[in-house]
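Next come two complexes built around chain A: one with chain B, the other with chain C.
Let's look at the complex of A and B:
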């Protein structure tokens, strides 16, 4: 029985002979033009690969902190990160719609009150939020440290944040000393700040 | 137990797919029927295995096994049954499993149905389909496992598949309390059907792709692969079209911005394979009839599948920003490499065969006015549309971000400027191509064939002007689209009339016989008609949409386009069965003093949802043939419920988009309806062989 089926013609395929020989310049059976096309396809793929790599950059945990300038929510001028060299700067990304941010707000305010006279700046960046909601949030928690909107998500893009809350602690030389990917606690903030203040 | 069963069957399916790849290659090399058959059996086996695993996951979802991480993150105790089931495709891990299941179903069907008719291609078809399936199953097993469970190890929470040492399951009550619930935007009937339709469309194209690759690999470059996959292409195309239309409907109902198509990268990612696939459906006809465009058809089918994978990769990896992309996840790089590999290997194979001179056409183009030339133009326009939309959604943002340090996002303006001329050119060809002949056609003949449709179009335009459209551009657009529709109608009418006059059938008989005798042609005309209806709806609702935003106190009214809308009051804080808090506005819509409808636009807030969007705006709409009165509740004073702000849109002719969709489905069904599954010559041959075999046994 098996020979009957094994004779089936479909498996007797013979690789067809080339119908013509390309006279031109080529390697491995492909003409130069084909190679150019193939490399073009590869190049397009590479562009998307690089884009993906760039997209997957994670939050910086060291090195110079990306500088930014942004108007303050209370209308009192601009905040420019590079103008705060010599201070410890805490950059906190938050939003009024974010539940952990509500728990975090009193912690940040307490930290601010404790360290504000010792060369520490705290800046809140309201991410994907409306100014009205942000201001209501600031009022609700009696926040006195400066806050600014993340206009067109430009600051969060520089820091590659994935969500809120996320917090970066920047040392007196403008380098990122610590990245906190969760709700902050007063102990953790205080420990880093004290250390940076002591070392400077 | 459920998790173990589910995972084990995914694993077995993965092993079966790998086995099928190896054995089918070996079988093809050694020309051994036993091995190829064994590979087929393994390939077919993946379907029941994946079915078991999907059933296990759905059972977990229905019976609230919150210890399963996927169940915990996509459902919550207050969700109704239908959304528990649809949660299977509500999040990344489940949707990849679901995708794999659909793919194995398509593959099993294609292998079993075409086993006898296209055996020469079969070993390679098995290899390619199983390679794609194995990739997705690998994602499920190693990166996006929906069967992980939540454990407590000491005070730490762990998410693993197998029980870690010393772990205990968390208490059921605690799990149920913290369970997330499905993304609220997905709790809509449209979302129950839209993703499966879209996935079926995407997955379906794997069959023509695999057959094309099999043709390239085996050297059987005749029209066999096209004949074998025609119906699968049509079915995939149908589901893709349905998925797109349902997605539009969902956006219209749920996203609350007054439209149904926003040129968002995710929408475009699904539209790109549709464009390529539509071009493919047309150009294969030329290869079948004239033996031309062999190379081009290969490029199109591989381009379609490449676009499917690219879209999946782009929207699930966070490559571009979109309102409804999946979260950035681990599958980005594997998906990217898969897409790049598939595209490169297929391009190399095509070029190899081309360089060997095996994809040369059997006929040359002879006449500029022939159906094949017009089909080529049609293809050109589809490809231009593809390039324009691809550039706008992916090319420009990605390249600008890489090389210019700023991200250029081309918005709706770009698409609204670039695509309409191309779409209109497509409609012109849709009108002219069906009445032109293969080979060559004379202008006079063409003129005669379009006389009646042209007259009907003139009548239609008079009607459009009577209804108050005066600008030249929309009138011209309406005319072009209507002409394409009238040609489809008139061609069908001519066919029916010929039968009535010639065969003395009655009109109904004649029509049924016409559809039965040439399903593809006349089904195709029905599809054309559906597309024309959709086109009219799109022009009306895009060009002539009017809107207003006003704040009304209770008892006040607003006027728009002859409609009055009175705000009767707000029911704030209504709590629904699934835990959502609804603020519902009661409004009455009337026209000329006659009350038409009471609408309840509302805003839903989901307090239990902590990650992702937790509110949605549900429009109220009053539909007539002429237009939709579409109202959104955008805001209200929280302190006193006396004022509410409404956004009102009048969307003319928007319902034609949905109705056209129904016509399109009908047409595709007519075109794809099976007539006979096995070609007569094959049946003949296999019968002969059976007789021979019977004789040998006797």
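Let's look at the complex of A and C:
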């Protein structure tokens, strides 16, 4: 048997064939179709992977609060978070179509009236809400603390909010002291504010 | 005056008709009585200065109201939905605005209606939503990296596929031409070659067959 094989020269030829002979680019032994498929799969995986990572990002519960500048709904200039260092700032995300926000509005207004002269600022951010409806909501509840639209939903994106209402309490150094992922109560707000005012 | 305006609202009469009704009730605009020479209010028509001023003010106001009425057009639900179909719900995922039952979407559709009534075009309305709420309303990711990836990936895939297809086509053309020529030449050669009658085995078989037949 081995004699027969010895006589057949082509079986002795162990020189590897160049890959491009069967339609490949010749890179790492992959054909053109494989390369297209591989690039496609990698690109799609990158998009979905990144989206998945972003989805798992949660609201910040500590550290420096993301700074933002936004025009006020009443047209009286802009609100810049970093300009309120040294104050306790309550950032409340709300929307006129949100039912818990309607229950929360009087609580926030009461808190604002109670603490506004003690170095506390409250800013309402209207999330995914039209200006008309936001202004109607403000008028309906007699809200006097500043409110601003979330232009291009950029503030919501910075704070990774998932819905409304959501509230962040920021201390005098600009760090997030507490994140409230629910309807706020005056007692809870007051307790945190008093604590921050006492510590400062 | 209020009762006439109320009549207009209740009866659904058109504004010019109502204006006529209102004006004929204003003494200054009524013709004087042929017998007394005085208007229905007891005065002498245009010589009653306060009435004239009030009437002119009313006329101007009605003109503005008429102009505003003419500017505002009736918007159908179909027109609103045609635009809403191109936008996405702000709080649900991948739900077109026209098919979304949430309160937020109801408000957004109402906003579209109001903007249409103000005379804005479809492009202007969609742009206003993008400017106000971000690219997510038109289905583009909000995150800049993700947006870039999702926008660039299909283009890259398309380019890679096009280049790949071009290379395959060029290689196929290059290799198939000589092969086809060789095949044609081979075929022609086979057809032209006469039967080799000098082959001994072949001749022997033919002769054997012929003998058996005899």
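FYI, the second predicted complex is superposed on the first by the 151 of 200 C-alpha atoms of A that agree within 3 Å, B and C clash if a C-alpha of one lies under 4 Å from a C-alpha of the other, contacts with A are read in each partner's own complex, and residues count from 1 in each chain.
In this text, a residue touches a chain if its C-beta (ideal position, glycine included) is under 8 Å from a C-beta of that chain, and two chains touch if they have at least 3 such contacts.
Keep in mind the model is a prediction, meaning the values are calculated, not measured.
Novice: Counting residues of chain A in contact, which comes out ahead: chain B or chain C?
Specialist: B
Novice: One more residue to check, A:45. First (chain B), second (chain C), both or neither?
Specialist: After superposition on chain A, A:45 lies in contact with chain B alone.
Novice: Based on the superposed arrangement, let me know which partner A:54 touches: chain B (first), chain C (second), both, or neither?
Specialist: Once the two structures are laid over each other on A, A:54 reaches both partners.
Novice: Quick one: is A:96 in contact with chain B, with chain C, with both, or with neither? Answer first, second, both or neither.
Specialist: Only chain C; A:96 stays clear of chain B.
Novice: Mind working out whether A:128 is in touch with chain B, chain C, both or neither, as first, second, both or neither?
Specialist: second
Novice: With both complexes superposed on chain A, which partner does A:34 reach: first (chain B), second (chain C), both or neither?
Specialist: First partner only, chain B.
Novice: Once the complexes are superposed, what residues of chain A are shared between the chain B interface and the chain C interface?
Specialist: Common to the two interfaces on chain A: residues 47, 50-51, 54, 97, 99, 163.
Novice: Hey, which residues of chain A end up touching chain C in the complex?
Specialist: 23, 32-33, 35-36, 39-40, 43-44, 46-47, 50-51, 54, 95-99, 128-133, 149, 151-154, 157, 163
Novice: Taking the complex as given, what residues does chain B use to touch chain A?
Specialist: My answer: residues 28, 31-34, 36, 119-120, 122-123, 218-221, 314, 317-319, 328, 332-333, 336, 339-340, 343-344, 347-348, 351-352, 354-358, 360, 394, 398-399, 401-402, 610-611, 614, 689, 692-693, 696.
Novice: Across the complex, what residues on chain C touch chain A?
Specialist: 90-91, 102-104, 106-108, 111, 114, 130-136, 141-143, 145-146, 149-150, 153, 156-157, 160-161, 164, 167-168, 171
Novice: If we count contacts the way the header does, which residues on chain A are in touch with chain B in the complex?
Specialist: 1-2, 4-6, 8-16, 18-20, 22, 26, 29-31, 34, 37-38, 41-42, 45, 47-52, 54-56, 97, 99, 162-163
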